[in-house]
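What follows is a pair of complexes built around subunit A, which joins subunit B in one and subunit C in the other.
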Partner chain A sequence: MAKVFIYPTTSLILSDLVARFGHQPLSAALQVRENIQTAGLESPPLQITPEDPKKGLKYAAVEVPSGVRGRMSLYGPMIEEAEAAVIIHDADFSFGCMGCARTNELIQFLLRKREIPILDLRYPRSDEEGVEFVAAIKKFLEELPGGGV
Partner chain B sequence: MKEYTPRYVGTVTKYVFVESPDMTPSDLAIRAYEISKGVMIKETCFGLQITGSKEEVDQIIARLREFDPSHIFVKDRGFPPGDPRRCRANLGGARPGYYGHEFEISLIRHVSKGIQELPGRAPDQPVHPPEATGPAGLDARKLQKIIESQES
Partner chain C sequence: MSKVRIAQLSCGPEYSGVQNEIAEAARSVDAEIFFPDITLKDIRSGFDMFGLDVRSPDLKLAIARARALVEGTVEADAVFIATCFRCAEAAIVRNELRRYIHENSRLPVVSYSFTERTTAGTLLTRMEALTTIARRRALLAREVQEGITMGVDSGSSTTKAVVMRDNQIIGTGWLPTIAVLKSAEDAIELALKEAGIPRDEIQAVGTTGYGRFLVGEKIGADLIQEELTVNSKGAVYLADSQHGPSTVIDIGGMDNKAISVQDGIPGSFTMGGICAGASGRFLEMTAKRLGVDITELGPLAMKGMSTMVPMNSYCIVFGTQSLVNALAAGSTPEDVAAAACHSVAEQVFEQQLQEVDIKEPVLMVGGTSLIQGLVRAMGDLLQTDILVPPHSQYIGAVGSALLASGFIREP
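On to the complex of A and B.
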C-alpha cells in the first residue's frame, strides 16, 4: 500500500478512488484531524496556532504570507511522506481548504521536485471521460508498490 | 487564549456520500444503524458521517459499500459531526467545504459510470484520460486586445 498525495487535497472523488484501489490517500482531513485532536491552546477554527506558520518556514520563505506558511505546515509533511501523487488541474480555485492559489502552486512545485510518480488529470465531463478517468487512476495505482486490489 | 481540550480523541470520522438512483441517504442510514455497534452515525442530506475507532468505521463502510459499490463514495473528515467550529447550525450558511462537495457531486455520475464499466475493460487496453490543459486564465494577447478596444 502506497501513500498517495491527492490534489485537491479535499477531493472526495480522488480520496475514494485511491482508497478503493488499495492505497492510502493523503488528504487535508488527516492533518486537520491531527490538529484538532491535539490538546493545547484554543485557536479556532482549525487549531492553527502561531507555531504552525513557523513550521511552514521549512517550505516557504519568511517573507511569504503567513497563510501560505500555515497551510504548508499541513501539506508539507504529507508531501514529504507521499510516494505518488494524483493531481486534478481544473479544480475550482475556491475549493474548500485549497483556496490559496500561491499555496497550490507551491504544492505542485514541491511534488514535482520530489520526482515521485505523478498522474495529471482533469475532471471528467462525460461518461466516456469518466470511464477513462477511472481506468487511468486504476492503472496508475496498480503500477505503484503494493498496487492491485 | 483558553486551554483547548479536544473531544473524540483517537476516533476517525468519515463521510459516506450516496448518489444513487436506487438508494437514498435515509436507506443507507437505516442499514448503517443496523450494523453499527455503538459507533456514532449522523444522517445528512447527502449520506452519512460515521465516527468511531478506525477499525469499526472501516468495517461499517466496507459493509455499506456492498449495497451499491459504484454509487457510494467515502472520504475522511477532520472534524467530528456537530463540531461548533464547522457545523452550520452555529455558523449559518453552508458548512465550509460544502461547495467542494457540491462541485464534485455534480460530476460524480461520470465516475460511477467509470467504476461500473471497469470490469468489462481488457487489462491491457490503453487509457486516454481527460488530459490536463494549461491554466484557464485569460490569455495575455486577448487581454491586450480588450484593453486596446476600450482605449480606442
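On to the complex of A and C.
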C-alpha cells in the first residue's frame, strides 16, 4: 500500500479511486458542492487559527501571502508523507477544486522535488477521454507497491 | 433594528485564520457577514463575462459573486472585499471589483488586504462605516446644521471641539491629545468659551475619532460615529460641495483616509494600512528635527525644492535617517521640509489613492491640510488643484456637530 497524494486534494472521485486500488489517499475530505455558501470553494471545515500560517513558514517564506502559508500548513505535511501522486490538470470545479493558484503551483513543485512516482493527467472533456482517464489512473495505481483491487 | 448584511468577496481569509476576526468585527457593529450563494454554473458564466482571466478559483468565485450583487440576484446592504496581503493577482481583482461595484451599484464597498495578524479591532472602523452608510443614509443626507450643537473629534494626535449655531461655527477648541477625557473636556471648554454659551444650552452632541466611544459615553453624546462618514460629511459641507462626486484625503497623525464621496456619502474608502512614515507623525518629527514648530513646516516647505533631497519615508526610521543625512550633507531646511512633504504625499498617493477613484474636487482635510507644502506635493502628484476648505482641521468635529443636529429633540 502506498500513500498517494491527490491533486486536487478535494476530489472525492480521485480519493475513492486511490482507496479502491488498495492505497491510502492523502487528501482533504471536502466536497465541492453545486451551491457555494462558504468563503471559498474549498473552505476548511475546521477552524484554522492565525497560528497555522506561521506553521506554513516551513514551506513558504514570510513574504508569501498568509492564505498560501495557511494552506501549506495542511498540505505540506501530506506532501512530505506522500509516496506517489496523481495530478489532474484543468479539472472542472465539480471534480475537485483548490482556491488559490499560487498554492497549487507550490504544491506541484514540492511534489516533483520529492522524486516520487507522479501521474500527470489532463481532465477529460469527452466520454472517450473519460475512459482513457480512468484506465490511466488504474494502471498507475496497480503498478505502485501493494497496488491492485 | 435589523442587522446590516455585508456581502464578503474574498480569497484566503479562512486559510489565514482571520475569518472569525472579520465576522467578529461585523458582529460588533450589529452587522452580519454573508457569502453570496451562487452555483458553480454562475462562477463559470460570471467569470467569463467579467473578462479578467485570473487563475485562482476563489478569485473567480469573488468575481462571480460581485456580478450577482451588481445584477441584484443576491441582495446585500454593503460589500467587504478581502484578499491576502502581498498577492498581486488578488490585488488586481480586489481593485477591479471595488471599482466595478462602486460604478455599477449604490452599495458601499471597502476593500482590505489582510495578514494572519489582522484583528477584529483593525477592521472595526471600516465595518462601522459600512453599516453607518447602509443604516443611516437619511442622517447622512443632512446638509444644514440647525439649533445649537457640538462636535468632538478625539483624534490620535489632537482633540478638536466645535460649537455650531444655525449653520455657523461659533466656537472652536484644538489641543494635543494627552489624556483622552481630559483633552476632550479642555477642548470643549475652549469651544464653549469662544462661542460664549453655557454647556446646558447645547441641544445635541456628536463624537468621532479614536476616542469617540470613551468621550461619547462620558459626555452623553447623542451620536457616536466613526470618522470615515463624519469626515466625508464635514469635508463636503465646509467645501460647499455637497452634491455630486468628490474625493476626501485626510492624512492623520496615526493613519490616513482616502474616501470617494458621492452626494456627501462615502462610496468606497481606504484607511490606514501603511507605515507611520506616511502619516502626520513623520511631519511632526521633521519639524522637530528642523527646530521649527509644525505650523512653520508648511511655509518652509513652500520655499524648498523636494527634488534636491532624496527621501523615502516608507519607514519612519529610514525616513528620519534620510532627513539627518541630508542635513549633514548640507541640504537647506527648506529643501528638507519640501522633501518630507513630498515623501509623505508620494506614499499616500502610491499606496492608498490607488484604491479609490479620484474625482474632482479633491479635498484635503485634517490638521495636515494646513501644511501647505504637503498640499502642494499632493496636488503635483495628482496633477490637480487641491481644495482645502475653511476650518479643515476641525473637519471631524464639524461633521459631528452637523449630523448631531438630526438628534435635537423637540421641546
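Basically, the second predicted complex is superposed on the first by the 126 of 149 C-alpha atoms of A that agree within 3 Å, B and C clash if a C-alpha of one lies under 4 Å from a C-alpha of the other, contacts with A are read in each partner's own complex, and residues count from 1 in each chain.
Simple rule for what comes next: a residue touches a chain if its C-beta (ideal position, glycine included) is under 8 Å from a C-beta of that chain, and two chains touch if they have at least 3 such contacts.
Note that the coordinates shown come from a computational prediction; the quantities given were computed from them, not determined experimentally.
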Touched partner set for A:G67, first subunit B, second subunit C, both or neither: second
Subunit B versus subunit C as contact partner of A:A19, first or second or both or neither: first
First (subunit B), second (subunit C), both or neither touched by A:A136: first
Subunit B versus subunit C as contact partner of A:K58, first or second or both or neither: neither
Subunit A: partner with more touched residues, subunit B or subunit C: B
Partner chain in contact with A:L41 - subunit B first, subunit C second, else both or neither: both
Touching partner for A:R112 - first (subunit B), second (subunit C), both, neither: neither
Subunit B and subunit C contact sites that coincide on subunit A, given as residue numbers: 32, 35-41, 43-44, 47, 94, 97-98
In the complex, subunit A residues that touch subunit B: 8, 10-13, 15-17, 19-20, 25, 27-33, 35-47, 87-92, 94-98, 119-127, 129-139
Subunit B residues within the subunit A interface of the complex: 1-6, 8-10, 12-13, 15, 17, 73-79, 83, 85-86, 96-97, 99-101, 103-105, 107-115, 117-118, 121, 125, 127-133, 135-136
Of all residues in subunit A, those that touch subunit C in their complex: 32, 34-41, 43-44, 47-54, 63-71, 93-94, 97-102
Residue numbers on subunit C that touch subunit A, as the complex places them: 8, 10-20, 35, 37-40, 43-44, 54-58, 61, 83-87, 89-90, 114-117
